[in-house]
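Shown below is the structure under consideration.
The chains carry the letters A, B and C, assigned in the order they are written, with residues numbered from 1 in each.
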Amino acid sequence: MTTILEVNGLEKRFGGVVAAQNIGVNVSAGETIGIIGANGAGKTTFVNMVTGHLAPSAGTVKFLGANIVGWPPRRITELGLCRSFQVPQVFLSESVFDNVLLAYGIAEESGFSMLRPLRNKERDARVRKHLASYQIAEHEKTAASALSQGIRKLLDIAMATVRKPQLLMLDEPTSGISVEEKFDLMDIIMAALREEQTTVMFIEHDMEIVQRHVARVLAFSQGEIICDAPTAKAMVDPKVVEFVLGQEYHAEVRSDA
Amino acid sequence: MVQLLFTILTDGLIYGSYLFIVAVGMTVIFGVQRVLNVTHGSFYAFGAYLAAYLGGIWYDHELPDFGGFVIIFLAAIVVGVFFGILIERGLLKHLYGKDEHIVVLATFAAFLALEGVGLFIWGTDPYFFYQPQAMLGFVEILGMTYDYYNLSLIVLALIISLAIWYFLSRTIWGRLLRAVIFDREISQAMGVNVTAVFLGTFILGTTLGALSGAAIAPTISVLPGIGVEVIVLAFAVVVIGGMGSIPGALIGSILVGVVRAAAVHEFPQAEMFVIYAIMAIVLVFRPEGLFAPPAVRKI
Amino acid sequence: MSFDRTIIGVTIAVVLMACATFFIPDWVRQIGLLSMAIGSVALGLLVLWRTGLISFGHALFYGFSAYGVALLNHLGVRDAFVLVIVSAAASGLLAWGLGFLVRRYRAIFFALLTMAFSMILYGVLAKTERFGSTDGLNIHPPTFLGYAPVDQAAQITLFLFGLLVVYGLMLGVQIYLRSVLGQMTTAVRENEIRVEYLGYSVEHVIHIKYVISGLLAGFGGAIMALAVGQVDPESMAYWTASGEFVFVAILAGTGNVAAPFIGAVAFEIIRHFAWEHGANLWQLIMGGTLLAIIMFVPDGIWSVLQRLVRKKDGVK
């Protein structure tokens, strides 16, 4: 397997506060990785640094051989590292179709070809196919602002995947989704990604979802990776049990109550 | 050399005080309501017109000279209260929370309409109100002649800034105002009557605008269109000082005044654009303005 | 579908007007010319406004280009094509340069920065004797590829020339607005982060819009300079000119590339008749209309026309 992402010594400080440090991880093509950890453990900081949303204080991020630290998000996106957001980042007053259409337009054109019409039959067909694979085709004409949270999350992820990224990072795809819905939601996402054989890393709090979908787990605590192991092994790792699972289960109980 | 420096400084102080008096009302309103109020130019014009009109009647009856000064303040209060209530209750009330462009444009529309109203009331002939300036006479310093009246604008600017400073930091109303500036929603939740604060602020800003017009009236011919330039000048001061910052407006005005005075004496081609050049430079290098407290700003 | 409809509609309207120009009174033709000039600037504002940006300083490009025409004219250039294209291109170039600064700003900061730039131009023009100071400059009547018409023929030729320019501008903007680049409007206004993570630079999008917009305002200023035969800082570069452009843009709405020109015609007709009754009436009407539009028809005349057409279609 070829390594596509190499992170070394990544660190982020806000003034005196250390949000992340000593982060090192290698990702190979085709992997599915779950990122777990309590709130404030540094998961989103990690994703934000890798995807160019936050500048790291130290360390390197090599993606497809290029050191992408300091790159603006659009260059990282163009290179093939795409992401979704915990709070879906979509164009709220535009329809679902138009949201994805624009994503295709930007992905498929560059330079002067950006002056070609956004709409054409072939692109429309690609958009429809993409919407179908995320099972949101029926909402095609609905404005993104009128969507339920789950559908909006799917739209956000659908927009992040139009480029057929080499690596996709999802920030809490199931947060804010009811317990009944989130398993279906994850099944839809993972089926669509498998079809494209996309390498994916996602942040997730629900261990059932983690165990169901990922082969490898990165566990974060207090800004560091405390465990990087196959899922089954990670679930019984004493550190993970102490710093992640214990608190996770607490959180679950509280939110259910 | 010394004389030139002195002249530039004095002229700059006078012009800076003029700018501050003109812009402070707009700054106050922007600071509290986040409304960039174009009708400020109308308040200026109406203040000047009413003062000149009343002054004309006063002096025609050969009443005592000092009455002109009373008229200046009277005209400011009448115009300020009347238009303050009219514009805030009649227009702005319906626009809070809307897109800030829309608010600016609505006040621009109201400004145009008020310009028309002004022409209906006062006509196109100029009004003169020179008596207060003539009464105070002039003084010669280092070979240059200065009107006492113009120098008194510096005093007026100081009094206004001290009064506002006292009001904001030493009175309960001022504290409420600062609370609203800091966070409108939380203040409302804490029981502050934001509607009343907005109306009160707006009347204060309007009155300051009208006062600036009334106070300048003795030094100019009061003509149609005098409010037009005031708007962009006030915009410039508000931006340079930091949007909504009153100390910023004061220091910014003086700075601009001195730079402009230097331009007038040494580089007259730049006289008309030097203010906007400073405004552009400030926006480019320090868009939050020279003196705005960054924590308070929300845009 | 509607792509074809807009272009077909605009083409028919332009052909009809080109025929009509031989039969209309001079003052109507003059209103048409002024509307073409103002409408081009308002079209430039439309390009920005769809992205949520309003320029309070478009008189900068309008005035810059108008003075460009006047100065080239004084240097002996008489051909309308050269005058207009060179001056508008110079405006576009100015917009490109300033765009590096302006593209970082949004909302009221964008509006105020553009205003500051335009007031600098005003100050320079009003104080420079070579540019005629506050009196401005006169322009000798242009020639058209060697053809030098006089009197009514001159106005008719200029009208046809203006129509040709405006037709080109509308087609160009229509193509741009349908393109991938031109469609980044609501997207940029609503979510810059997503645009960046789709792989495109928001600042780049805004910069291009600003250049296109400056170019359009440049064409407007150049046409205006030729139409009135003179330029002066007060009416060409002062902030009130910028205010009028925003007025027309709001009156028109952003629904269609033809809307700014319809708005400009409405504006010029109101101005023409209101002026006959004095300046006070004009300002009252302008202020009142603008307020009414903002309060009751925020999407402008075009949206009203659209609703009327839809109703008619619905009845059928």
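Just so we're on the same page, a contact is a pair of C-beta atoms (placed from the backbone, for glycine too) under 8 Å apart; a residue touches a chain by one contact, two chains touch by 3 or more.
Only a predicted model underlies this, so the values are computations on that prediction, with no experimental measurement involved.
Q: Report the chain closest to the protein's overall CA mean, measuring from each chain's own CA mean.
A: When every chain is reduced to its C-alpha mean, the one closest to the whole-protein mean is C.
Q: Does A-C or B-C have the larger number of C-beta pairs in contact?
A: B-C
Q: Please report how many Å separate the Cα centroid of subunit A from that of subunit B, as a whole number.
A: Inter-chain centre distance comes to 53 Å.
Q: Averaging only over C-alpha atoms, locate the centres of subunit A and subunit C and give their separation in whole Å.
A: 44
Q: Per the centroid of Cα atoms for each chain, what is the distance between subunit B and subunit C, given in Å?
A: Inter-chain centre distance comes to 33 Å.
Q: Please output the residues of subunit A touching subunit C within their complex, sorted ascending.
A: On the subunit A side, the touching residues are 51, 53, 72-74, 77-78, 82-83, 85, 89-94, 102-103, 105-107, 109, 113-119, 159-160, 162-163.
Q: Show me the residue ranges of subunit C that touch subunit A in the complex, using the header's touch definition.
A: Those residues of subunit C that touch subunit A are 3, 175-176, 178-184, 186-187, 190-191, 193-201.
Q: Over in the complex, which subunit C residues touch subunit B? Could you list them?
A: 54, 56, 101, 105, 107-109, 111-113, 115-117, 119-124, 126-128, 239-240, 243, 246, 250, 278-291, 294-295, 298
Q: Write out the stretch or stretches of subunit B touching subunit C in their complex.
A: By the definition above, subunit B touches subunit C via 36, 91, 94, 100-102, 104-106, 108-120, 124, 224, 228, 231-232, 235-236, 239, 268-277, 279-280, 283-284, 287, 299.
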